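First chain A sits with chain B, and in the next complex the same chain sits with chain C.
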Partner chain A sequence: MSATSGVARRDEDEVCPVCKSSRYLNPNMRFLINPECYHKMCESCVDRIFSSGPSSCPVAGCRKTLRKNKFRQQTFEDIGVEREVDIRRRVMQVLNRREEEFDSKRAYDDFLEQREEIIANLVSGIDVVKTEAKLKRYATDNVQSIRTNQALEVEESQSFQARMTLEQEEARLRRQAAREEYENERREMQAGRNDFLLRLAAGSPADAAAIAREGHKVLLKKSSARRSEEDRIRQKQAALRGTDVKRTASLLNTADTAGTTDTGLVKGLRKIKAPEPEKPYDPFDGMVPEKHDYYTLQDYYPSAYLDKIRKDTRMQAGGYDLREYYSRSLMEAFAGLGVSIAEEVAQRDATSMLGRSKPASTESAAMAAVGNTVASENAT
Partner chain B sequence: MAASPFASRSPSLTISSPNTLRLRASTAQNASQTSVARRPQNADQELTEQLNDEVRQKYVKDKRLGEGTYAVVYLGHLKNDPSSSVAIKKIKVNAEYKDGLAMDAIREVKYLQELSHPNIIALHDVFSSKDQNLSLVLEYLPRGDLEMLIKDVNIHYGVADVKAWMGMLARGVWFCHENFVLHRDIKPNNLLIGSDGEVKLADFGLARSFADPNYNMTHQVITRWYRPLELLYGARQYSGAVDVWSMGMVFAELLIRIPFVAGNTDLDQISKICEAFGTPTEENWPGVTQLPNYIPSDRNVPLQGREFFLRQFPIAGPVGAELLMSMCALDPRKRTTALQALRHSWWTTEPKPTKKEDLPRKAGGDKKMGDDLTRRGGELDDSTFKNAARQLDFGAK
Partner chain C sequence: MIEDDIYRTSSQFRLWSYTETSLQSLRANTNAAAIERVRTALRRAREAQQSTASSAVGTPITSQPGSESEGRGNEEKEIDCLTPEEELVFVRYYCEQLLELGETYKPPLPTLVRATAIQYLRRFYLSNSPMTYNPKQIMACALFVATKTENYYMSLRQFADGIPGNTTTEDVLAPEFLLMQGLRFTFDIRHPFRGLEGGAMELTAIAQGNGQPAPHMVHQTPEDLRQGLMSIAPPPVPSSSITDRIGRAHGTTREMLKSAAQMTDVYFLYTPSQIWLSAFLLADRPLTEFYLDTKLGGPLTSTTASTEDPNNNLQNPLYDLRTKVLAILNDCAALLQSYMPLSSDPAQMKNLKRIAKKLYHCQNPEKVNLAAIQKRGSQLPPSGAASSAAADSGPVTSESESDRLAKKRKLDREQKTRNADPFGPELVPDRTKGH
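Take a look at the complex of A and B:
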């Protein structure tokens, strides 16, 4: 950074463009901006000009009406960036659709592109009036969904915050536990050594080797017991952490059901399916019982040949019913009448274009395999 | 028998489930591709053999689900669609049928390929392998069967669930009867459950067409506990009423979670039915004494009325008990038909049947499917229900 630019910026920063007072005279001077026009001025100017109600911007050539309550400190040094961030925040608050509301990834990407385009238009001042009108209409049309998505966002950020603090707290506890553990170990080691020295001092020189071995063993045993205890505690903590994460995750999932409708501005939103009214139960599942297209069934057909059966009480007692015979004979006699070969050929050709046709193989293979034994089957 | 091809959605029309369509569509495509490529190479093969090879090579076997005396069942998938699942039932070459195929297999192929309904197991393809074994490519039903649910004490279900299951069973049976096919082995472990919870009628090993007066039919069908009195009395001419009796027994079993009339022998079964529902006489069942194996009963129990069913099956409610009673009429002519059963007011009375996706479910269904499909028709799984009969005392009043 060169010295000149540094000086220039400081100069600009130090003198209020409205009242020309400088930091030299007023060391506590703060500069404020208004997102209407982003013209910078000092706090005292704001108080002076806007305390008695809205007034026009004092900067020459800017006729925007400003209100005092909109003035704030700027976040970014570059006023262009500040303005873009503001516009972006405002657009994002309105166009706050979420990925799960869209039919496909493609539709969501299109939406993101559209949003960027709107932001770019507003930032660079292309079609501002039209874009603003579009945005406004969208906002009024989708008040409900905008509100739900905002609530969802808040909830998400809150749960994220909660998880972060939880993790930090856990890390702190772990560190503390490790420190305590180290302390304990050191203290015990010391105590063991003291004890061991005392016993060495009290005992005879012959026992020295035995006492030394024993003391070492006791120390080892103690430390391994402690280690397994700590392992158990650690596992318990890990398990607790696992359930916590799961709980928050499930919380997020349940919140995730926002009703959506397709609007003029945003395309490709997932349609909400209205549940179909439940149909009454049909015992026949859509089929029509006793439907004969070409004949009507009578209860009696005179036939000398069948009279014998009609009189056979034994057959009747077994449940045999001649009406079934009539029905079957008629069905078989008229079955062919429903077939219109021209229609079926046309249908077959149309479907085979789509790769759909009935294989001729089922019947032929079956008959090839069983053909000569079928005849004997009727005898049973 | 033939399925009538009416254009409307009438029961006589066979309807492909979407799943079947998908399987068939993709297989057809594959078949046409391979056939073009392969035909010139083995032109000396017979056409039927070529077709058979095409079908066989469409499927890949993954793992064995179960093995029984009669068949081995594998889990498989389409070669060009690894996400599909099918059950491949390979019929064993049996010592009894040296000169041909097992009757069960023929029946199963013959009737299943004609019936296409959401409540009947779908037969996708049939092929034979090199050693002349017949393999049936069936719909894969991974959620076990009703027997598994009935027996598991950890599973609790209510009358709404029973209503949903019975509705699906009744539709399947009605569709069979509408196309003049008798199932003749309805029992809880032949009622398999699909991945969506749909109950499907499986094991057509004893099925046959009916209503032809010129053929006698065998009375040695249907697993004993679910066999109606006319079959126990040896009737050679009967109707869909035999399946309806089995349906009634399944209904009762779903309600009390134990087989309702479980005889140790055929004679025992007759006496148990007579004691439970009443003794058949010429008055309440005209012509019963003329049935070939009719045995006069020494005790005469009057026919049970509505209050008996209400007392035995309190959770069914008065309307449900009435439907059950109509399914359990001794005289097959007085018994309700599957069509009449579906028109009963029980289906529309409260509670509503449970939606099929909410029905109770249990893990381990694929193994159960393997066991169910390998059993020979009409067999009792004796080990599982061995002492069930002793726990029911029908003499107690």
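Take a look at the complex of A and C:
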């Protein structure tokens, strides 16, 4: 109370530095500032000087050009705080990376520290030109991500608002329900008692004890039924809240997919992995059909024996193709020419001996050994 | 080389390729196991005989205890079994018999069928001994199975009629399952015959100037190849033209593949491609060397070889493979050349007769009548489990059906006790090593 009264007292003898008129003469006087230079002046001065377009600041020694539309009311009493808050807001709007965009907590913390440093520099006027340039370059480089994050922020704040109002509404409903509940209970109790008294009055004295017991029981039953009803409602509400949380979580997850590129200013950003393009399907798994290493298959080989078959329509009619025979016989001519059984089988036996210690694995071990020798043969 | 990788997937490479030492030890093991079994079987037979004899005659044992024990001792000494080498010679004789048996049919059975049957017989006697199963009984069955696997249809009656002597269809079929078990149910035999045809075909094409260079020797033109073929050293036997020379070499090689390749161990030790090329090498060395050079590149010229420069491989990237292949081919050729038909050598025939006589005494008496055993076996409840177990175990040492079932039960029991952990053994054995 004392503080507000102090302000009020100071306000009384406040004087516009431009026109020197005081609040004493004009109690409705409002002071405005411009974030260019933060010099204070009264509303009438602003109207007078800047109505006809931009003009220089009337304060002596300040040569900043001001525009009328930038003038606004001061939020904080201290003009220094006002300025810092403005700067902070501006920087935060540009450097608006989110925690989930970083590889680690450490990287995010580094980013926050860097941001604070920039703000401090701008506030206290150290390397202002350089810092501004840096900020500007970052802003132009990352237009896309800045915009995405801004949109996300807006969305988040909106959803937060919505949730808050929803919760308030729910609390109000709960309170109302509780009140109604209480009213009902009271009314029923009253009715029950009335009924009970009436019956007592109407009945014989012998029934009195029985009637009393019965009335008590009815009351108990009703209250327990009510209680279970309440439980049900409470569970429903809890479930409702649960889905709410889930929805916001899914909303947060979508932020991850926002495309980002590493920039010079911000380090440690998480790389967005683009899914690898699917390779074309290879039905032979790397093996080239019709590939031979020892021979080149021809369409025709001279052979007195085969030439007869070639001309024989009885053979050709069924679809028999001599090229089948050519490819088969040449394949068999060279299949295994480079296989050194003495070496490979000895190697295989050695490995299968190791495998023999395990039960029921001799066959598979032998197979594996064959696979190994094949692999090593290919490697050499 | 992609063709080599294709061959490596075959069952012939995976299951039926051995090194010389492993082949020897396998035969020695089979022989030892068979001797053990023959001795116990003979003892059992004798004891059975004695018990019947003693019950029939009365009590002669008490009167002459000394002579009885002496006679037993003599009999124990008499069981003199075959050595692995003798077994091998004996099996080889029956392989030669198979070739002739194929000839008796009208028309004669194709070479491929006979060769397959011979290989079946050879594979079977890697894990079985002639002392247990006489090749005489197995031989016909092997040939009959070969007609089926080589897609040369013949009815069983027709087949049995073709065999000299009074062989019934039951005799042919009796050891069939046994044989298949011995073959580990792999019926695919990769023969060198078709490969030889392919090679001869390609050489003829080269001779006519139509040859295509091998994929790794692209710089050669058909004309280059033809010129190369024309300028090779003259053959051991002079021939009129180059096509004639190829045909002659082809014929000689084919004869060798039919005989020497079947009767020696080359199928176990080398690949079909190596077998036909080494046989070809024996038939016409300059021609084969030229042919190999078109595939694997020629020898290094003296200038580059002498510099010992590591980049002399640029001249021929397949040089290492070439030296390796040539060494293998020479080994294989030597083995092929060492073959002599048994019938051509009277000393060997005499040896064979001795072995046959010896075998008469050490033949396992329980496995003589296979047809009867099979009849008894078929009366037992069919056991799919037993056959599947036999399929995935290693080389099957043959026994009768009941023996095998007992053995399987025992194996199962052993396995159960070994795996005390109810969730089975460790999946990744390396992990336990790390601790």
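In the analysis below, the second predicted complex is superposed on the first by the 258 of 380 C-alpha atoms of A that agree within 3 Å, B and C clash if a C-alpha of one lies under 4 Å from a C-alpha of the other, contacts with A are read in each partner's own complex, and residues count from 1 in each chain.
Here, a residue touches a chain if its C-beta (ideal position, glycine included) is under 8 Å from a C-beta of that chain, and two chains touch if they have at least 3 such contacts.
All values reported here derive from a predicted model rather than from experimental measurement.
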Inset, instruction - Look at A:Val81 in the shared chain and tell me whether it touches chain B only, chain C only, both, or neither; answer first, second, both or neither. - result: neither
Inset, instruction - Could you look at A:Thr296 and tell me whether it touches chain B, chain C, both or neither (first, second, both, neither)? - result: second
Inset, instruction - Could you tell me if A:Gln316 is touching chain B, chain C, both of them or neither one (first, second, both, neither)? - result: first
Legend entry - Greater chain A contact set [chain C / chain B]: B
Inset, instruction - Using the touch definition from the top, say if A:Ile126 reaches chain B (first), chain C (second), both or neither. - result: neither
Inset, instruction - For A:Phe334, select first, second, both or neither according to whether it touches chain B, chain C, the two together, or no partner. - result: both
Inset, instruction - Would you sort A:Ala346 into first (chain B), second (chain C), both or neither based on which partner it touches? - result: second
Inset, instruction - Using the superposition on A, tell me which residues of chain A are in contact with chain B and, in the other complex, with chain C. - result: 287, 291-293, 306, 328, 331-332, 334-336, 338-339, 358-360, 362-363, 366, 370, 373-374, 377-378
Inset, instruction - Using the touch rule from the top, collect the residues of chain A that touch chain B in their complex. - result: 280-281, 283-293, 306, 309, 313-322, 324-325, 327-328, 331-332, 334-336, 338-339, 355-366, 368-370, 372-374, 376-380
Inset, instruction - Write out the stretch or stretches of chain C touching chain A in their complex. - result: 1-8, 13-15, 17-20, 22, 190, 192, 194-202, 204-205, 208, 210, 212-216, 269-274, 276-277, 295, 321, 324-325, 328, 392, 394, 415, 418-419, 425, 429
Inset, instruction - Would you pull the chain B residues touching chain A in the complex into a rising list? - result: 1-12, 21, 24-29, 31, 48-49, 51-52, 54-55, 100-101, 103, 105-107, 109-110, 113, 118, 123-128, 134, 167, 170-171, 174-175, 178, 180, 208, 210-213, 215, 217-218, 230, 235-242, 285-288, 290-292, 331-333, 335, 339, 342-344, 347-348, 352-353
Inset, instruction - Using the touch rule from the top, collect the residues of chain A that touch chain C in their complex. - result: 287, 291-296, 298, 300-303, 306, 326, 328-342, 344-346, 349, 358-360, 362-363, 366-367, 370, 373-374, 377-378
